[in-house]
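Both complexes below contain subunit A, partnered by subunit B and then by subunit C.
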Partner chain A sequence: MGRTYHIIKYLCLLVWTAFVVFPFLWALSTSFKDANAVTSGARYLPWVEFEPSVQGWTSLFASGSQGINIVTPFLNSASVTLLASIVSLGLGTLAAYGLSRYSYKVGFVKNSDITFFFISQRIMPPIVLAIPFFLMLKEIQALDTIFGLVIVYVALLLPIAVWVMTDFFASIPKELDEMAMIDGCTPIGAFFRVVLPNSTAGLVVAGMFCLIFGWNDFFFAFILTFTETQLLPVAIVSLNSSVTPWWSLSAFALISVTPLALIAIVVERFMSRGSLAGAFR
Partner chain B sequence: MLKPKHFFLLPALLTLAAIILFPLVFTVRVSFSSWDVYQAGLDFIGGRNYARLFEDTRFWESLLRLSGMSLITVTLQYVLGFALALAVWKKMRGGRIFRVLFLVPMMTTPVVMSVIWRTVFHESLGPANDLLSMVGIGPVPWLSSAAGAFISVVIVEVWQWTPFMFLLLLAGLVSLPREPYLAAAIDGASPARTFWQVTFPLMAPISIGAIIIRLIEASKIMDTVYVMTSGGPGTATETPSYYIYIRGLRDFQVGYSAALSLAYLVLMIITLTIIAKVLMRFLVGKET
Partner chain C sequence: MLSLKNISTTHRKRPLCNLSAELESGKIYTILGRTGAGKTELLRIVMGLDDIADGHLELDGQNLADRPVRLRQMSMVYQQFINYPHLTVVQNVAFPLRRQGFSRADAHDRAMAALALVGLAGFEHRMPPELSGGQQQRVAIARAIVKKARILLMDEPLANLDYKLREKLREEFPRLLAENADGIILYSTTEPAEAMQLGHEMIVMHEGCILAMGAPADIFENPATVEVAKLVSDPPVSICHGEIANGQLMLAGTALPEGAGLVLKGDGPIQVGIRPDALSIGGDMPAKVVLAEFSGSDTIVHLSLEFGAAVMLLEGIHEFKTDQSIQVSLDTSTLLLFSAEGKNITERRSNG
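Showing the complex of A and B:
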């Protein structure tokens, strides 16, 4: 039974792998096509089935009227995601540490309620907040700016950081901070000098999730920006609804998903080591 | 001087409250107004928006559709994700490559991949129908028929988010204790029996967590629908988020869309709480 089972298992894994990589390979192939190769039905292999052309890729960096600018949206996306992730990770880590080490009580509100308040923000459908966010950013003149988006994204990412880090700190023994305080550290000093340096695994996991959800958000960027501060997902959707050819669209899509796809390698390492388990218990 | 315990918690708490509370309170207030494209303003019309909502079959249909869609996609994601996690759990040749590849879709931007999927499902120029025609099926009207559009969205959702189930479930499998497996091996239990008697019960808590998280995310689905089908054809793939978007930001019925979105939020919280409770009792076999 062992041999047949192994063959079937590998076959199933290969089928799923084909499904997973198919859209990427299709996009890669399409990005090297020209009008002829696209409109004559589905073609897959360059050189064999069609003559490859690089215009899909060059058009993204060309200046002038037929050029599509990918550099600005890319930099915008990178700045918004990084800034919001850093702020969320910083604030979230502090809050998670507080929640795991002290007990808070205001009326009937206790630690678990505060944690729930943070995490429950993930339940909120973006559409509920869209219009008020719009009016709020308009009021402080932050519509269509990086600053405005960072504010909104912090609300989106902070719950993730608090969620991952609360579970992480629960797995770090309290004796660690107590030792540091016996050695003369203040509570805040103990946190920064002893606990934080031992939290790299948790910080990396939380940081990666912030990056993923920040980089991949579309809806808020779509509602709260117009032309000045376009992010990648918004840029590609507006290209999609105009007459942009498939080859440019495919090249654009590949450039915008590649940076994060590479994160999968890091995530896999943490997952296999068991470092993620604490975060999801 | 700020006490340490406040130094840790307050910055995050105040930041989040400052960003979230105004929009939430504002939405509640607006839902009692007649704010629309002709007249922006916070008048008070009582519960008229809510009364209208009860008659709005398009809204209730979208909720029903969303329930079906989430149920189908999350079930598929869970079964497939669990199967994949079990397949690559033990050390095996090429395991690492499979694991990395299986994670990739969840790292990619849903709208960007939807743009690609649209070309895949293109009826005459896309590869989906081309490949199916090789085995004698088709052409399938992927995005132009109600059933086809629904199935396309389900396929893309399964592609995008099975990796998330896979990630959580594999992380859970990796951290399982060894003793129960030794005991099962000593008893000579078959692999199937070991799975149902040992692995599945041990994985129940993490399974519930993973399913609930996915249900929450699935209930907000909008990006994929917006790009792939725009809710169409007709309203065949319209989800509540997308319908509220149309009412609020296309028709500018701000007051009414606020009422819709609050109703949607409340219904979601109630449904998800019930599902969580039922799952707990069903999988763990005890009250929480």
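Showing the complex of A and C:
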């Protein structure tokens, strides 16, 4: 029973792993192909089924007409995502703390309505927001700029941060903040000295969500930029023309997922060490 | 002196109604009441964590209402083991001292002394989640007493501990609380024995109101109302309906023997309080066992008598079967008499 169970378990895991990893392996394989290898049927194994070429990778960093500039979109994406995530996490954490600890009532609007207002920003289809964002950025002359994108991304990521952190703060007993105030802290001091240091797990999760959503967004990066401030997802899609360089596109795609993969690995190690284990019982 | 003057709150769960009390420095006040009686709410308004809807709260004649929590010179021990999970044990205890402006070294030394006092020397570099429940509560107690606060509030600090730990800490409390001997200590509990053992004075609360306040022995001997009598005794005093007719105390139509030393004035219906130790095995009163349970080295027997239900407390372990018929006797000298409205009307003849 035990042996059969283990065999079935690992077979299932193997199938699932293949399912998850296969697109990456295919992209990796394609990034080392040339035009001939790409267009002559499915081929997977370098040196066996096709002769590998590094043209896909070198073209990303080459200059001139053959070159595809990856550095600028990469830095643009990194700047916009990091800035927007930091601002969203900062504002979102403060908003979530307020919502979880204090009761607000203005007319018929209460805490639950405010929380729903934040979440509703993510319920709306992005196309509904696109035109207002476009007009607003145009008004402040921030179209096609990093600053403009950061503003829009903060509006998109803030609901995620508020949502995750409100839920997390609800799991921290409010007696902990009260105790900090009894022990001599101001309310804001209690937040920074006691609540925030005990919120690492929530901050990491919210930060991860912000980074993932910010990094992967294509729609707003496409609508609100033209030529000056191109982000990675748009740059990748722009490679798709009458003759698509699949080898460069694959290398480009692999580079674009690398930062998130690295962050996920670091966070997973961090979590498995128990650093984020629940501190309250 | 901490003065509560006609304090009321609008708390959703348990509003407090018109509380008044004068609490003197150097005394331990135990607040006794069932869950939901308003004990925690009283402590929270004293601490400033909840708002007062009406009334005045003064410390040495100074209005406390507008003073922020951090400036109230108070400390608190919660029922839950509330410690700072990201700080070591010694950092936890030193935390309030650092906020008070003590240097790092001074705060550390004082924290170490407090930890030694609560029996946690050697645990100073552990993190709170690594400690047992009892040890975590000791850290919270050390942090509360190290401040030498004017007012120390303890909200059922033993409620979440197992029986043995509770007994042990309860025995240690007089020594630990002596650290705050000059201050006012408010200690809430649901256990009458704890309230009477620790308190110089006892405040009995029920449904958001103070029913009685005074020396524990006085309240126990002479409870003001039926509710107080029930609350200050564990097992609780059994209340049966009776009447006074022609100068005799009647229970279920049977006159109880004279000799109880009770003054029986005015005919009419009354409520009779029977202390658990007033009933004993043997005698001529038929009873049926409803339930028998062991509590430590005692046996608590729930009985069905002719005049109603009553609880009998027996020393030692006694085996009873459900529905077993037994004979019991009633010591009428300790009976409590209450009016039909529940007010204590017990009068005893003086021996002199």
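Note that the second predicted complex is superposed on the first by the 256 of 281 C-alpha atoms of A that agree within 3 Å, B and C clash if a C-alpha of one lies under 4 Å from a C-alpha of the other, contacts with A are read in each partner's own complex, and residues count from 1 in each chain.
Basically, a residue touches a chain if its C-beta (ideal position, glycine included) is under 8 Å from a C-beta of that chain, and two chains touch if they have at least 3 such contacts.
Just so it is clear, the model here is predicted, and its values are computed rather than measured.
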Overlay on subunit A: subunit C relative to subunit B, clash or fit: fit
Touching partner for A:178 - first (subunit B), second (subunit C), both, neither: second
From subunit A, separation angle of subunit B and subunit C (C-alpha centres, steps of 10 degrees): 90
First (subunit B), second (subunit C), both or neither touched by A:246: first
Which of subunit B and subunit C A:27 touches, first, second, both or neither: first
First (subunit B), second (subunit C), both or neither touched by A:186: both
Which of subunit B and subunit C A:223 touches, first, second, both or neither: first
Partner chain(s) touched by A:170 [first = subunit B, second = subunit C, both, neither]: neither
Superposed model, subunit A: greater residue contact from subunit B or subunit C: B
Distance in angstrom between the closest Cα atoms of subunit C and subunit B, superposition on A: 12
Residues on subunit A lying within both footprints (that of subunit B and that of subunit C): 186, 279-281
Footprint of subunit B on subunit A - complex, ascending: 9, 12-13, 16-17, 19-23, 26-27, 30, 38-39, 41-42, 44, 91-92, 94-95, 97-99, 101-102, 104, 114, 117-118, 121-133, 135-136, 151-152, 154-155, 158-159, 162, 186-188, 191, 212, 215-216, 218-219, 223, 232-233, 236-237, 240, 246, 249-250, 253, 256-257, 260-261, 263-265, 267-268, 271-274, 276-281
Complex contacts: residues of subunit B adjacent to subunit A: 4-9, 11-13, 15-16, 19-20, 22-24, 26-27, 30, 80, 83-84, 87-88, 96, 98-113, 115-120, 124-127, 129-131, 159, 167-168, 170-172, 174-175, 205-206, 209-210, 216-217, 219-220, 222-223, 226-227, 240-241, 244-245, 248-249, 254, 257-258, 261-262, 264-265, 268-269, 272
Subunit A - residues contacting subunit C, complex: 173, 175-176, 178-186, 194, 197-198, 279-281
Residues on subunit C engaged by subunit A in the complex (per definition of touch): 47, 49, 68-70, 72, 74-76, 78, 80, 82, 84-86, 95-96, 99-100, 129, 143, 147
